[in-house]
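A, B, C and D are the chain letters, set down in written order, and residue numbers restart from 1 in every chain.
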Amino acid sequence: MKKLINSPEQVVRDMLDGMVAAHPHLLKNLPGTQVIVRADAPVSGKVGLVSGGGSGHEPAHAGYVGKGMLDAAVAGEVFTSPTPDQVLEAIKAVDSGNGVLLIIKNYTGDVMNFEMAAELAEAEGIRVAKVVVNDDVAVENSTYTTGRRGIAGTVFVHKIAGALASRGASLEEVEAVADKVIRQVRSMGMALTPCIVPAAGTPGFQLGEDEMEIGLGIHGEPGVYRSKLLTAEETARTLLVRILEDLPLSSGERVAVMVNGLGATPQMELYIVNKTVSELLEERGIAVHKTFVGPYMTSLEMAGCSITLLKLDEELTDLLDAPARTAAWNND
Amino acid sequence: MKKLINSPEQVVRDMLDGMVAAHPHLLKNLPGTQVIVRADAPVSGKVGLVSGGGSGHEPAHAGYVGKGMLDAAVAGEVFTSPTPDQVLEAIKAVDSGNGVLLIIKNYTGDVMNFEMAAELAEAEGIRVAKVVVNDDVAVENSTYTTGRRGIAGTVFVHKIAGALASRGASLEEVEAVADKVIRQVRSMGMALTPCIVPAAGTPGFQLGEDEMEIGLGIHGEPGVYRSKLLTAEETARTLLVRILEDLPLSSGERVAVMVNGLGATPQMELYIVNKTVSELLEERGIAVHKTFVGPYMTSLEMAGCSITLLKLDEELTDLLDAPARTAAWNND
Amino acid sequence: MITLKQMETWMIETHRILQEKKDYLTQLDQAIGDGDHGINLVRGFKEVVGNLSAQSSPDIGTLLRNVAMTLLSKVGGASGPLYGTAFLKMSTALKEKVEASPEEFARALAEAADGIQMRGKAQVGDKTMLDVWKPVADLAVKQGSRLSWKDLLECSRQHMETTRDRAAKKGRAAYLGERAVGHLDPGAVSTCYLFEALVKTLTREEATG
Amino acid sequence: MITLKQMETWMIETHRILQEKKDYLTQLDQAIGDGDHGINLVRGFKEVVGNLSAQSSPDIGTLLRNVAMTLLSKVGGASGPLYGTAFLKMSTALKEKVEASPEEFARALAEAADGIQMRGKAQVGDKTMLDVWKPVADLAVKQGSRLSWKDLLECSRQHMETTRDRAAKKGRAAYLGERAVGHLDPGAVSTCYLFEALVKTLTREEATG
């Protein structure tokens, strides 16, 4: 295991410290916790937005804390949902009396820990709403099972719900727009290499030199199936076709695109993937409003990418374009 | 070699296409070239800024083309300086009559190719000035040898010269401020893993599981020496101490910090490195004005990082903070 | 009767086994999950054991409540709320008891299993820890005062084994579909260790005490 | 006399050898540079050879000028401007010639070597291609009309070998300091191939023609 770390036990603590040190005007750490909140939290008159999950997805989630996006991010251990007490601290720190929306990625652990925190917060008189992001089309969308995972599409939920909240909308309105994004966003990922959870010290799975995993999440787990190594074009096509099966788009409709790097895939390769994505969308007459290419929701040092499409209407377009200023998302 | 590419011969072309497809409002590709220019080039009344070099450093250099930074970026083959004819096309495309500044990283090839282009442009009546960035303290600063390399500090030159140019300064003024940044910026890098030039297909060097390279550039070359694997703290200290030997800073002075990822090192590890950087600077009483953590100047899929310090005065601070809007740098 | 002291020893023994099996649990979770199950539980039970000396509990209910709160705030992931809920339910069932009869303990196990089901919304057969908790609790309730620890351990091991040949419906393994078949569920295995520790504690003390 | 046709064959032969030695040049450049030297030169000379049929040149000067322009616009890196300059200088020295005497060719080589030195600002001994160009040109000028292609090749090989034991002062290898000692300079090796191709072309033609 070759990593720039001090010790496997310390990675989350050190990372949060290094992050706050880098962005002191944007972020602060709630003392004694793994919670990062906006430097100016709680923002009065505004619904608070809290997200989080296991660590190892940087810049998610603390990189999206700031004006126009999240108010707090709760960092669990690597790939391990944060505990209810930590989420509760985040909720309390960002509530200004207008209620708090929890943006949860659909994993059993995240859902249970955030739910328990919500129960505790409500017991303390704070209004809490929850949305659960499940954008990964690689897995079956079934109510009998865990259902779909939340992956990179979550960042669009942060952005859009954050924009509406910063305009002073109510908790119900912010929850509704978050739900709308969730209904209209789909993603799928693949990996060329596994990653190593620092405390485990060994890769989550083994891949041959000529193999790749298709349809995997962001926790170093294996994918839905293994494939021969594909070209960038074949890879993009495979992921995009599956997404479009699930989110039928007619010619003339508009989307936002995210080509997300999983941690070790450089910008060059992501742009090569985007070339095909943009060509395939153009072929189908689907208009691309904006494209985001980079490491937005990673899986430690995994090599690979995911593709996300968000179907836009006027409201979502306007909120996506609204200003935001965070460590990892900056637009004016 | 596991990469998301279509073929080794096509990586630069595909990457540029994918990049322009992602940022059509910001960037355009000069037909028949590997030159990316601002969508609104040439900007009238403004000195044009041209940079570039081999590919494989993405988001450099095209990621810094846009309002407040570069007007054009010339992409060579992977790790290979672009040819004079390409650089000439860039110069011609961005000159609005106010002259063009070439920002060159100090490599024999880059210097020679850009110089030849400058000669050709001058023969066509365009005023051209050149600055050569040599921020890498890992190598001896000697006039008898090639001298120091240009690495991540180059991005600060783009930002600051770009800001001054966008305020309508003259070619001489823009050149002078670029030179000032070059005098005040120092960097040093390290790697945990080598990278693979696509057309070569094999790694540039081999490293054992418990080894790292210290003091290396951004072209997949070996470093100045090989070391046992160090912790993030030891690594940060090693690089920073060497930088501070070369750029003595007294307590109370101000710097901008860049912790740059080489391509495969995720944001988590970069923040862990930054924790130590910020602590060491604080110990010495050096004030950090701003910190940039991320993949700004990469070396394909190399794992590792570089640290850059830029000594600030009032002028540089103001220009660093000035608005810019490019694919990889966005502040308002 | 089961004593407060035995309950404490149970926690120490659980921590010891988990520590010993940490890498194995990691491997199981790497195969069909995200590789952190052993790490999560060891982090939690280490804290539980550390707290035992710090905060001495007057009764079993208090002890198990402290265990629950520690697990809830230290484990995280899916197993944190699930084990936390299980211990919270047991603590309520054994509230203020300084010792417990086998029937009382069996009822506490049944409450714990129901708590896991309520919290995780899984069914038996979904390839989760519930696949062990539920049959073990049912057996204990059925045997009542004639509760055999040997039978309980046997039952726990057998049901852990049943998770191997199933596709998962809940938890991370569910994402793998058929690819999960052939692998034991890590939470079922850790549950089995919890019961091993229990049986080892109770039978050892019976023998010596 | 050296003919226009022979100059064309020289280019074809150079491309053939470079193609054959591409991986070796890559390895040499990986050891002390960035691993692209073979790739760069093959890209350039492939284009040179491709252009031979497309644009037929009336004289040696024109041919070598076309070669120079192609190398300048296709090779890039350090070797592009250097080889480009070398051929540009040769083309000027052999302007409008349809054939060249050994003395004339020797003078062209001397111009080329000076061009490389002017462009790259290196000294002999800096562990660059100049370490081969300069002594080879000097020898050719010295021998003049009695120019022995065998001696020229010998000289080129010997001086290529001298780059092995030096630390580099110019080019990327300079960054490595003492770590570069023990490795041949890739540009010196490719220069040697250029001369191998030349000698092979000229002696073969002499033999048959």
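The criterion applied here is as follows: a contact is a pair of C-beta atoms (placed from the backbone, for glycine too) under 8 Å apart; a residue touches a chain by one contact, two chains touch by 3 or more.
Just so it is clear, the structure is predicted and the values come from calculations on it, not from any experiment.
Under the touch definition stated at the top, chain A and chain B share no contacting partner at all.
Put simply, the C-alpha centre of chain C and that of chain D have 75 angstrom between them. Separating the CA-averaged centres of chain A and chain D is a span of 55 Å. Inter-chain spacing, taken between the CA centroids of chain B and chain D, is 32 Å. Contacts between chains trace an open chain of neighbours here, each touching only the next in line. Here the touching chains pair up as A-B, A-C, B-D.
Across the interface of their complex, chain C is touched by residues 54, 76-86, 107-109, 112-113, 116, 138-140, 144-146, 149, 197, 199-200, 202-205, 217, 219-222, 224-225 of chain A. Chain C contributes residues 26, 30-36, 39-40, 43, 72-82, 119-120, 126, 168-172, 174-177, 179 to its touches with chain A in the complex. On chain B, the positions that touch chain A within their shared complex are 2-7, 11, 14-19, 21-23, 55-56, 58-59, 63, 192-193, 209, 212, 229, 231-233, 235, 257, 259, 263-276, 278-279, 291-293, 295, 298, 300-301, 303-305, 323, 325, 327-328, 330-332.
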